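Pasting the structures in now, so scroll down.
Shared chain: subunit A. Partners: subunit B in the first complex, subunit C in the second.
And now, the complex of A and B:
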């Protein structure tokens, strides 16, 4: 399999390959960062079941990130492995959506972020189910089956918090307000994004996927009386200029690697 | 039979390989094992978390065959992308098949997705007898102890990625159900 994949990537023209690199890196970084954020609830979630759930979600996302980084390492074929891509970068070099830059926050913030991210990620994955790049198409087919449980989980909690007047709904509204400027950053345009569509790697533009995402979440937001996420204020900076909470998280998740870069465990 | 392990530790992620090989002094037997013989051997490899079920009944063996160069090639499908047991399974497969006296190459693939309906009927029985509800949509889950349908989901996520938490209102037992994926 490894050999076949390397051949496939070598057959891509340089501009498609560069755009594919951007896409894989952004997806992997998204999954990696939300996975690490979720893992911060391990041991301290508000309910035992949620402790298990958040830990399980984190493990799923980190598993997806590892698979995507591995694929990216094969596309690059420059001798750097998945761990090197995941850990050996400075905070400014990460390309996750700014939606994931707000720190763990309280439970309502966690649920608001998860719901926005899971549904946006779902729209992006939908755009890859018929991808011309078969290793990614195969992986996405597998990932989507797992993400279904993530959306179920986030939706259940969003409804639960929104339906309870007082502190639960107030906290949820505050979280949605804080996230609003960055809510749509999963769809921030990628360099060379039009090549992805022309080559059939991605079914349509990020703007098209964002429209699908909005259509998907609108009925629930209307039903719950929640404000719809606004259009990204600075879409060109949707995956850069990371905020302070990410720098703190980066410091955490790279600490072991930085202490001994060549260790194996 | 003199065996020499080439890799002592499993690699850390999908895409890596576990290779076991004979010492150079022992040439491989002339007649290669058939696919059936390989599958019989693989059926002896247990899932590391639920030893009652084999990896064949779990449906994670995608392909097993002897390649043109004489080595045994096996492709495994992880139940979940981030399954932490896959490296242990890969190592166990390499060890079991090394007894055929040929180099063994075990790889991970997502060529087809593992889905819960790949679990065989025998595998579903093994799960039930071990106290797990076999994969079903949440509304169709039945208690593995008393077969009651009067059950409630406590959490979509359980102690491993592939299981959810349930409670049986009839026999008052908590149990775990495999997720339908």
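And now, the complex of A and C:
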């Protein structure tokens, strides 16, 4: 079965296709991991309405991940489907940003991580709105419309936690401090990243997108008196060497699949 | 919902803002009336709108939502004002309730209700008692 999208991907030169593979895998893994992390709040969020909201956001992210894995499966055209890419890998083969490696933590940690990730993801999506690879451009157009709400939700909570002295602000500051070294890892350079820019798949380098991201979040951080995230300490390891909390999460989200790898669901 | 920056930091306080009830009205499609959908609990208007969106809009079942603080709704439920005990059927568009009076008059005259009814396709009777099924009245 050959789709139009697969045909378009097959027409790319091998180095561009390899870089596109890296990009799609990193984006899909980001959405997949934050979706699973945040779904841990289902049933235990601070209030019923927030429980529904956070669970709904988590579902959105898993939906984006599914769409990206499906596109990646067509680009690879090696017979493995989206589920196989999503579930049939060892923890070290995942390429999500280390920002998403931190455990669920408390509510402040979840909000801090969501805010940093959603705004960074927003900057990355901006870099793809005019992508020369039309299947990705069309998908990004849909994803951006949902991510807009995600940023609003995270911003609303960040403002409230930051504005209330005492425990809320202290917990938020502690979470931002823990995440600081990894905050910018969404922009960790990808193998073949320069090919993505040369071929017009991505509008500019990850460093350029990171600068845009920082410019976007600076006014709010200054307004709320929050410390700006630092530059990644080891950008070359921004999407590898995953931490223990992710290994635990991997064990959880692959457990059903591993219980019967050949089952038809 | 707003993308704007928030106001200045609120006064320092550890106390969590109290939750309030907000009523949510939704429009299913353009041109439809706004109908009450339900309510959400939230500490402020911005979060109330977020939660209304999640509870009453996330499945694309609404094209517009209105969110109103329940405390801002003026309630009127006094039965003396809304359900007066005397016959007020003359205030309804159909006028007085005639059915019982007509039945009593026929009984007195010894005549039965006009037989045959109305034929299929014939216009409806135009007597005074059209919309009188609603409330029994005396």
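Just so it is clear, the second predicted complex is superposed on the first by the 263 of 265 C-alpha atoms of A that agree within 3 Å, B and C clash if a C-alpha of one lies under 4 Å from a C-alpha of the other, contacts with A are read in each partner's own complex, and residues count from 1 in each chain.
The definition used in the following text is that a contact is a pair of C-beta atoms (placed from the backbone, for glycine too) under 8 Å apart; a residue touches a chain by one contact, two chains touch by 3 or more.
Predicted model, so just to flag it, every value in this text is computed and none were measured.
Subunit B and subunit C, once both complexes are superposed via subunit A, clash. In the superposition on chain A, A:219 makes contact with subunit C only, not with subunit B.
Residue contacts after overlaying the shared chain place A:205 against neither subunit B nor subunit C. Contact with subunit B, but none with subunit C, is seen for A:74 once the two complexes are overlaid on the shared chain. In the superposed model, A:42 lies in contact with neither subunit B nor subunit C.
Looking at the shared chain after the overlay, A:167 reaches subunit C, while subunit B stays out of its contact range. Note on subunit A: of its two partners subunit C and subunit B, the one contacting more of its residues is B. In the superposition on chain A, contact of A:240 is made with neither subunit B nor subunit C. Contact with subunit B, but none with subunit C, is seen for A:62 once the two complexes are overlaid on the shared chain. Touch criterion met: A:153 reaches subunit B and subunit C at once. In the superposed pair of complexes, A:132 makes contact with neither subunit B nor subunit C.
Overlap of the subunit B and subunit C interfaces on subunit A comprises residues 49-50, 52-53, 56, 149, 152-153. Interface residues of subunit C, counted against subunit A in their complex, comprise 1, 3, 5-6, 9-10, 12-14, 19, 40-43, 46-47, 50-51, 53-55, 58. Per the touch definition, subunit B reaches subunit A in the complex via residues 9, 12-15, 75, 80-84, 107-115, 154-161, 165, 179, 181. Residues of subunit A that touch subunit C in their complex: 47-50, 52-53, 56, 149, 152-153, 155-156, 159-160, 162-167, 219-220, 223-225. Taken together, the subunit A residues at the contact with subunit B in this complex read 1-2, 49-50, 52-53, 55-57, 59-64, 66-67, 70, 74, 82-83, 135, 138-139, 141-143, 145-146, 148-149, 152-153, 264.
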